[in-house]
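Chain nomenclature is as follows: A, B and C, assigned in order of appearance, with residue numbering initiated at 1 for each chain independently.
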Amino acid sequence: MKIAVCVKHVPEGPARIDPGSKRLDRSGEGMLNRFDANAIEEALRIKGDGDAEIVVVSMGPASAADTLRKALAMGADRAVLVSDDAVAGSDLLATSRVLAKALEREAADLVLFGQQASDGDGAVLWAAVAERLHLPVVSQALELTLADATLRAKRQNEFGYDVIEAPLPAVVAVSDAINEPRYASLKGIMGAKKKPQDVLSLADLGLGPDDAGDAGSRTEVLALAAPPARGGAQKIEDDGNAAQAIVDFLAERRLI
Amino acid sequence: MSVLVFLEHHGGELQKGALGVLTKAASLGEADVGAVLVGGGVRSLVDDAGSYGATNVYVADDASFDPPLPQSRVDVLAKVVRDHGYETVMFANSVLAADVAAGLAARLDAGLNWDLADLVSENGTLVGKRPALQDSVYVDVGWRSTPRIALFRAGSFDAVQTGGGAPQVEDVAVELEAHSTGAKVVDQQLEESTGPSIEDADVIVAGGRGLGAPESFALAEELARALGGAVGATRAVVDAGWYPYSAQIGQTGKTVSPKLYVALGISGAIQHKVGMQSSSVIVAINRDANAPIFEFSDLGVVGDVHEIVPKLTELVTQRKSA
Amino acid sequence: MTGATRPSSYPPPFDPREFVSEPTDPADERIEVGVLIVGAGPAGLACAIRLGQLLEEHPDVVERLGEVPVAVVEKGKQPGSHLLSGAVVNPRSLRRLFGAGFRLEDVPSYGPVHGEAVYMLTRRAALRIPPPPTMRNHGNVVFSLSRLGRWLGERAEEGGAMILPETPAGKLLVSHGRVVGVRTGDKGRGRDGEALGSFEPGSDLVAKVTVLAEGTQGHLTGVALEHFGLRGNEPQVWELGVKEVWKVAKPLDRVIHTMGWPLRTAAKYREFGGSFIYPMGDDMLTIGIVVGLDYRDAELSAHDLLQELKTHPKIRALLEGGERVGWGAKTIPSGGFHALPKRLHAPGLLMCGDGVGMVNIPTLKGVHYAIESGRLAAESAFAALQRGNTPATALASYDDAVRSSFIWSDLHEVRDIRQVFGRGFVVGGALASAMTVSKGRIEIGKLPAEPDAEQPLLRTSRAERYPVPDGTLTFDKLSSVFVSGNKTRDDQPNHIRVEQRVPREVAELWTYMCPAQVYEVGADEGDGMVTVQLAPSNCVQCGAITAKGGRLTPPEGGSGPEYTLT
């Protein structure tokens, strides 16, 4: 059985947008998107003591190899990084196109995603990828179990939760409440360097430069601006009527 | 230009957020404002959709669509878009809507901009406005081709009935893709209202050291109950054992952005600020007039929480029951 | 001063024996490496780099060291995360480490020192004084130690060393009187020590040679010195340094040191120290204050002294239009020659750098000694491994090498200077000059040296004069902790050992002392006693508490500051 986990290398520390390119400044240190750690952990739990193969798949700059090594240190078996100058600046559409091709190559039984990316760039990627792979998708999974080529997931929504079953192969996005990711053990960290890490270009996936990056995107960033100012900040002293003043304030803003 | 809105519904009613998006769509001034209803018995909601501005409603009414699964909805929307040439498709964010929007984007090879707070027409093109980086910067985003897919932050627009006439109704008959029928809902559980979780709450009442003693957290809890919100805590009081770590908001706790954040006895150290600064409205009560929190709150009240909060809770409760 | 309160009367619940044990993991679960280096600072990384060079020339020795010939464990997030210094560094050790073909321009730095000035400050004025002979920095280079650490880490990895970040060394593994490695720290424990869902126990990391290069207040270094009875003739004492990095509008053209204000010069206060301001390229500078932890005023706060320093008109002018972009704090061992351990090695063990006190306080230099000691440790370890022998004396060559090196002769030359300043600035200054001019040949009658925690406390309402933070020029402690990059996980066991029921004065001493606001005066216990409350996740691991009556141990790996510019 093969489980593929899609992970993202995201900027560490306070994120900045580069005013020139209007894109996220990815030049600094990077780290594993913390929500993807839940997905890797879930794959490890499903594998348990069995012999399922866990492959982590990512699209990113060459420095993303460090992040993939962290996933290997946690216990994944193999890493695949699609790293090509042409992928920079890919929007959701382009990213899903590239990832789907990489995942097709793997033909995994289960594809896992984390809930979202801490750099805000990767939300809802899983549904787009599932569509391209023509696979059923379940998101916001709080619990996930596999039995006989079928998965059973508890999906959280605004009203409570649904229990969903789907046949494998399938795509599942796990919620960050599903588990607590393990720390990599020292043995794991030291062993990670020996595990296979493949680096693929777009050509290796049968894609051209028009399929990814800016060329392959259908959305664009036009401008950056400061957020609308917190207009009309007020400060008052309680003279016995503060409670009423607060209520009036809230009512004015239609908050109560 | 024509615009299509995905109308989510629950318990026999149209979702407020989706109706807000429909209101916005109608305000764009297009002749053709479409709405899509998918589910069992949704035909009864057609007139409602019309009253919020839909000129055309597309209905896929069948019990098989009852389970709130995204992929069959992608099939329906794709057909409507292709058959009628809709140029823009709008969604109000929800667990379901997000999956539908992204799946549709991949199906139609269409650009998707999400987490939008607004959509405006600038020089004849549609431009989306979205906050980024914990609301510290606003980004203008565009689409390079049609159809355009827009996913709006929950609660971005108010739902306003425009009193439009009865819409044109069309039944949609669609062949579902094989992968769209794979997933099945085998059980559903509605959550009892124990109050929202911190992450989802629209209102958070948070307590800090200024509350004085652990018992005073009851003030925060009562106010939260009155406002229908969740209770949060600063690192200082969690460290002191006054409240559990699961309620901690801040750099090393949770990051939240509710519509209303009420800070009781919180000084506003930066470690706390970064966890809640993107709240839409911040009300702070603190005895210390120089507390840093007053520099970034919308309404700052210098006073004693023990005197103000019980009165506030009472007034809110009265008002809500009126 | 009998009857006065001394923090040393309230020792922390700490026994070094708790941190020494035999390996406990089953043999097949122990992780074996050839040479284990604890600490990815300048000493540890120099050791790793030199070993890499030697092993490249001797593949036969490599074979004997197993799959991982050289491993460096580092408790911070990455090399550099916990490194902080001024720093104006003497490049001679880098040249010796990298040998022929080395170009100083290849090392990221802020350039050579172009000029320097020393000032005696009063509240409003700055009197330029000729630099004491110890403060001549011609030929030296301004570095960010954190940045240098990152660069050295890359060189060490290129040379074949495996660096393991977020891995603290919690216990010294000793078997049959020999150091055989360390036990790494657990991860994923909750506040009460309970195992959380993510719990991962530490591992026994065993090695043929263990090198402790932990820096100031090194945890296992302290434990090892106790265990093997190696403490020096005099107790070690420390200074606390607090510094900031600023983006500035006008470049600074010289290295500046100051003495005097805001420290008080009368002998009874024992406020020994000064400040430094170093240019960092054209658009940044670093400003810091250093004060001996043998101070006596319970309300002394190095953090706030730095804020006060910045309000001096001459200094405010340097920072005008600028922005604070970094902050950090760290102790510096200042006992000098007399506080060096009796021996720097034990069976299976070598000790380097700040951890054993290789710092020349009058010149404020220690980085180049650290690098040189790391290099010498590598050579000694290599020689022992090459010979294949492991008798208890195998590593004695390290001690011999250090005693023949400039580390020893430099420290010997300035051996009593710190002592003389205990007698006050004016008298001390004259004596210090006399000593350096004579190259240490003048012997001064020595005062008995005392541990910092034995200094009796006094009060002077000093805290009333600290500036109220304005958020632009001056800042409060929590803002500073934030700027250090500290985002330590809160829900973990407290790593700081202190006696929790102490006289109010001691609690206040710690509260003011700590630059990161870890301590707070808690409930009144009556009789003048209070409880001390801690916020351990604020801790930037500067080590001041260990000097002043408590004991710092390493928290969970990856905790603490994430320095990049310090």
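Criterion: a residue touches a chain if its C-beta (ideal position, glycine included) is under 8 Å from a C-beta of that chain, and two chains touch if they have at least 3 such contacts.
Owing to the predicted nature of the structure, the values given are computational and were not obtained by experimental measurement.
Engineer: Closest chain to the protein's overall Cα mean, using per-chain Cα means, please.
Structural biologist: Chain A is the most central one.
Engineer: Count the C-beta contact pairs for B-C and for A-B, then tell me which is higher.
Structural biologist: A-B
Engineer: Taking the mean of the C-alpha atoms as each chain's centre, how many Å separate subunit A from subunit C?
Structural biologist: Once rounded, the distance between the two centres reads 39 Å.
Engineer: If you average the CA atoms of subunit B and of subunit C, how far apart do the two points sit, in angstrom?
Structural biologist: Averaging C-alpha atoms per chain gives centres 50 Å apart.
Engineer: So what's the Cα centroid distance for subunit A and subunit B, whole Å?
Structural biologist: Going by mean C-alpha positions, subunit A sits 21 Å from subunit B.
Engineer: Mind listing the subunit A positions that touch subunit B in their complex?
Structural biologist: 14-17, 22, 91-93, 96, 120, 123-132, 134-140, 152, 155-167, 170, 217-228, 230, 232-238, 242-247, 249-251, 253, 255-256
Engineer: Quick check on the complex: what are the subunit A residues that touch subunit C?
Structural biologist: So the residues of subunit A in touch with subunit C come to 13, 29, 179-187, 189-190, 193.
Engineer: Residues of subunit B touching subunit C in their complex?
Structural biologist: Within the complex, subunit B contacts subunit C at residues 235-236, 238-240, 245, 248, 251-253, 269-271, 292.
Engineer: For a test of understanding, state which residues of subunit C touch subunit B in their complex under the given definition.
Structural biologist: My answer: residues 471, 476, 478-479, 481-482, 487-491, 533, 535, 537.
Engineer: In the complex of these two chains, what residues of subunit C are touching subunit A?
Structural biologist: 29, 31, 68, 71, 78, 162, 164, 167, 184, 187-188, 196-198, 200, 202-203, 205, 485, 562
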